[in-house]
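Can you keep this structure in mind? I'll have questions shortly.
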Amino acid sequence: MTKIKLGMVGGGNDAFIGAVHRIAARIDDRYELVAGALSSTPEKSQASGKAIGLARIYDDFKQMAIREARLKNGIDAVAIVTPNHVHYAAAREFLKRGIHVICDKPLTSSLADAKKMVKAAENSDALFILTHNYTGYPMVRQAREMITGGQIGKIRVVQVEYPQDWLTIEQDFKQANWRTDPAQSGAGGSTGDIGTHAHNLARFMTGLEVESLAADLDAFVPGRQVDDNGHVMLRFEGGAKGMLWCSQVAPGNENALRIRVYGETGGLEWAQEDPNYLWHTPFGEPKRLFTRNGAGTGDAAARMSRVPPGHPEGYLEGFANIYTEAANAIEAHRDGSKADAAVIYPTVMDGLRGVEFVDACVRSSARNAAWVKLR
Amino acid sequence: MTKIKLGMVGGGNDAFIGAVHRIAARIDDRYELVAGALSSTPEKSQASGKAIGLARIYDDFKQMAIREARLKNGIDAVAIVTPNHVHYAAAREFLKRGIHVICDKPLTSSLADAKKMVKAAENSDALFILTHNYTGYPMVRQAREMITGGQIGKIRVVQVEYPQDWLTIEQDFKQANWRTDPAQSGAGGSTGDIGTHAHNLARFMTGLEVESLAADLDAFVPGRQVDDNGHVMLRFEGGAKGMLWCSQVAPGNENALRIRVYGETGGLEWAQEDPNYLWHTPFGEPKRLFTRNGAGTGDAAARMSRVPPGHPEGYLEGFANIYTEAANAIEAHRDGSKADAAVIYPTVMDGLRGVEFVDACVRSSARNAAWVKLR
Amino acid sequence: MTKIKLGMVGGGNDAFIGAVHRIAARIDDRYELVAGALSSTPEKSQASGKAIGLARIYDDFKQMAIREARLKNGIDAVAIVTPNHVHYAAAREFLKRGIHVICDKPLTSSLADAKKMVKAAENSDALFILTHNYTGYPMVRQAREMITGGQIGKIRVVQVEYPQDWLTIEQDFKQANWRTDPAQSGAGGSTGDIGTHAHNLARFMTGLEVESLAADLDAFVPGRQVDDNGHVMLRFEGGAKGMLWCSQVAPGNENALRIRVYGETGGLEWAQEDPNYLWHTPFGEPKRLFTRNGAGTGDAAARMSRVPPGHPEGYLEGFANIYTEAANAIEAHRDGSKADAAVIYPTVMDGLRGVEFVDACVRSSARNAAWVKLR
Amino acid sequence: MTKIKLGMVGGGNDAFIGAVHRIAARIDDRYELVAGALSSTPEKSQASGKAIGLARIYDDFKQMAIREARLKNGIDAVAIVTPNHVHYAAAREFLKRGIHVICDKPLTSSLADAKKMVKAAENSDALFILTHNYTGYPMVRQAREMITGGQIGKIRVVQVEYPQDWLTIEQDFKQANWRTDPAQSGAGGSTGDIGTHAHNLARFMTGLEVESLAADLDAFVPGRQVDDNGHVMLRFEGGAKGMLWCSQVAPGNENALRIRVYGETGGLEWAQEDPNYLWHTPFGEPKRLFTRNGAGTGDAAARMSRVPPGHPEGYLEGFANIYTEAANAIEAHRDGSKADAAVIYPTVMDGLRGVEFVDACVRSSARNAAWVKLR
């Protein structure tokens, strides 16, 4: 099987998420990373590219898009892992040249950019995959399959939260700086960085869209320019209600993304830090604990899983699942066929929904947490 | 030591909470239950009183208050464990005759009654104790002591929730019926029955008052006349923010009251179903798990605890602690002395705050979850 | 209902277990404590008896047995809560006068005494109840009922352990001193004090008797005269195998009694520190978590439980269940009837089995952990 | 950086562990898999090799060793992932030609082979790495570092267990068949397959060697030729004691490897199914929960970790750590330098110790669980 030739924009020496994308692309051996423009200056790009042994190193993403598109064996796909405000400008260059885009979340730093991104994707024959990586966890797929299958009945209540603690105090290093700079991250701080993950997970697992929300955002650390804590009440289409909490100032929480969904006949509970477990609580019966690949789990989880039950898979494998779904789709695209119906990945529309969520949170909070529609 | 002579109003044969109060009063051997008007009719009161071997059985609470007040060795205190709408009428009769009142929560079924209750208590020399029993758990006391002692710094965020599942479907038995009848329970359903516990626990543990709230209440089960799910955003005096969730339609949750408090330097987490544990998460250090009576715990918890660490105490012991605090206060009152400063119990003012909370939730929800002041 | 008149031997001012017995006897209101010889000297007995308001205080247990037996309304039953080496001498005096005995575990400090105790009980019309209190936990009853009902198939493996940490270092206070003095505790240290609990729990839950064992005992703390850590391999009648670990030198363990039972078709797991939960793991199905009084639990647990699911009961309620079972049996005895078949309590024969277990551990360890029969 | 050229013996289409090795080798991008003899027949080897796109496919391991050794750019290292009884014959061919060997555990199926393997490794300039993969988990390294650093004092007690449930019933598929066939797996069943992991983990974490043991082994499933459950008491050099339980018939256990170590001043607890956590229980202080890469963890864990705390790493990353340690050692070997002192991997001597452990278990059990020395 010919591997997919991959390029990367962003992800230079001191970045966290670039290395994650590279491991994720390697785990299932479907990609070959061959080109990159890893940093914001030509010098750093060269240095970072050499450090990881790239075959072709470019000064910037535009140069890369132009030249790779001309190569006979140029990249099939590009991973964009820059700060948020660069996503659109970079993705556009590749999309318009028919190169598939695998883009980190949130989609963009502004709603205007997000809408342009949707257009750019629609106008391109290339695929657009957004790495809302938590949708790649097998037990998240299991939960979605159970909900779709009616195992908890019509949904009434969704509780989702993503608390962290790393911004409890003022921080001063690259990862912290761009995430707390509205010019780079967008108007949402915790809402954009992690609230979007919580929002997307709720949508993905339940299949429900948030119709309106009321948000009370705070920047607790003195001098912080974006929210570091967000309290949000949600109203879903069809009548379900929800609460969403995102925080970067909750000591003791590392990446404590957690979701609980309650329907008319049962509940489900999943937590990112212990991702190989899924609680199912059918009303009137004992609680049941499903394990990844364990007894009673279904196809949706099994196809996302590599090792036997009791051998934990983690964040990187979940991330790899997004890359592998992308590979499935890209290969089908290459063959002119249709990807298997089981293949799922977050799209540019999911990305737009996420930016709308951040925008709605900021608008609501500015109006004393009034209810606002998401679009 | 002469035991405190106790009477009881409500708590007849098929009541749940009456039996709990009786066990709670027995555990530390400070009370002697001698009189009662346990049911709403003279016949049932006689039957229920005989079943538990009461010395003096009355037809109704008024008769009981009048006669006991006249007895040389009449009751010192009365436990009121009726449905909410009877609390005020009953308590008034005893308060005005100088008999101490130990009353179940919420204080009353209406804000008007709550204010009258405060007046009645203020005009009486007798004590008024509200059984917000969760404040009796040793590790709740431990958390409060740590917060007061500055161990998590200035509080920023409070997350509190009390989900249950027993009203997931329509129910038809006494406990369910009065709790879902606004004439008996008050305008709040889940907000009144368990939201008040969550609200009070947050106040007790943090020492902060809720200034305003925005509430989105639902009655998910068709035909239900009061809320069975409440989403509430909180703003505390001094700038802290919070979220409160109460639900009776969340399958898999029995009595899952849980609170998490985050300050500038650390966090605390406690859950009612596993009450012998308290997590302390100082920022930048490993998490610490405190156990009841275990290493590192302080006086506030130790004086509420009976058995060595690792031997779990539960709901009844926590409830008994309220009775024992009441006994401490009543005995000091009898002696004309002042109870030890460590003695704490929920008062009529705590009860008023709870009813204000319910009232504010209902008012806010009626106005599309607008922010409302609690008073 | 006339309460059972109870006396107590041991349990003076600085004892732990005496207070536990008294609370346990009070919780369900079936006993009235009226007499006692609480300490080893007349002076201390008087002081301790007055402190808890006893009606009749005796200098020693023999005086108490003689006089109470002569009283028209003397005690019906006596609780013996002295150090182990006094159990037999005290119990004998009451048994031979027809007074029921509720005795703390282990039965005696020597095998010779244990056999005499069995005889004394057999020769008496009075009942003998041993407070192996962990058999009173509702979820232990639930597990036993499930095993009896065949829900995990024929048992193959039993893993039971009771680690503590309080004797990790040399201690010098009353509770520690008598428990580490072979003259008072018997030849077993951790094996006698807590190993007997583990052994009895395994027997009670599975219905299987240990046939032989191999024990490797240690006294890790310098100067300690009895074992503080015991490793034991078990062979049950019928072919099941087991491991038992007891330790008082395992830092971080408070009273971490835990049992796991595996049969041909499923497993069960229970832990004393979180006693309201029971895991059931049917082979080939998701794990199930049963909760006390929760969905799917049976009669054996329900009759031992006071409050709704999600409201934890603990050590004292489990202990109270033994007292209540004793009350059921004593009242049936008084009426000349037969106690309900559901009534279960540890007997003098269970006590003998426990002392045989300690004796076998000590014999085996002295022979380099050779296999020895228990009797 | 030039990647290490890797070959593979075993790991054909229906094998589990071969795929694991391949992912583990890819994760950190230090290896390039170029050659293989993946199955026991030439036809299957060809088919399996093509399926994963190998550059050079061989009929059998001998042919592969001979030819690769002659190639200018032949493999630097070979991964041996066959059933146990083939390990020695295969490894020998590569070792004697100076090709590094990365071999699955247990080292061999017999003690005689294990000793020959040690000689073969000693006589070769090539490195020998045994994939006792659990030693690659970051929190296992953390625990080892803490023990070495004296944070729990002199060790007294080690409790280690590895229960599974997949052989609770008779199974008939390739993975089950060879593991229960003494001709392929060796005389130990559960002891060899997973007991060796438990034994090695105890040695690795504590730095202590088992001096003697007493083992009671069973084959509970009718017709099974090797043990499926083992109870083992351990005596370590220096006086520490331990218990080891391995089982493949414990329903509800997937890969529940768990170790608890208790010293004079504290304890540590780690479980494979939740590998990102480590409990530290200093005597007399609250329990502390360390998380992978989280607050308070040290260098030994940090160098084994890829993503921030709260993002779980799992089995594959732990396995990859062994491959990466091997890469560190192989590259130092290539450069003629010495690997960094922090580089640790299981060696052929660790493998010998494991086979001695299995041999001792089988000998002891045959003598009614008598104590036997390991060598």
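The first chain written gets the first letter, and so on, giving A, B, C and D; residue counts start at 1 in each chain.
Keep this in mind: a contact is a pair of C-beta atoms (placed from the backbone, for glycine too) under 8 Å apart; a residue touches a chain by one contact, two chains touch by 3 or more.
As the structure is a computational prediction, the values presented were derived from the model and not from experiment.
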Handout entry: Higher-contact pair (C-beta pairs counted), C-D versus B-D
Key = C-D
Handout entry: Repeated interface matching A-D, over half of the contact pairs identical, chosen among A-C, A-B or B-C
Key = B-C
Fill in the blank from the handout: For the pair chain B and chain D, the C-alpha centroid-to-centroid distance in angstrom is 55
Problem - Whole-Å gap separating chain B and chain C, where each centre is the average of the chain's CA atoms - result: 35
Fill in the blank from the handout: Note: chain D sits from chain C at a C-alpha centroid distance in Å of 43
Practice task
Would you mind listing the residues of chain D that make contact with two or more other chains?
Solution key: 253, 287, 291, 294
Completion exercise
Touching chain A in the complex, chain B uses residues 152, 156-157, 159, 161, 165, 168-169, 214, 216, 218, 220, 229, 231, 233, 235, 241-243, 245, 247, 249-253, 260, 262-267, 269, 279, 281-283, 287, 368-371
Completion exercise
In the complex, the residues of chain A that touch chain C are 280, 284-291, 294-296
Handout entry: In the complex with chain D, residue positions of chain A that touch it
Key = 1, 16, 19-20, 22-23, 26-29, 53, 164, 253-256, 272-276, 291, 294, 306-317
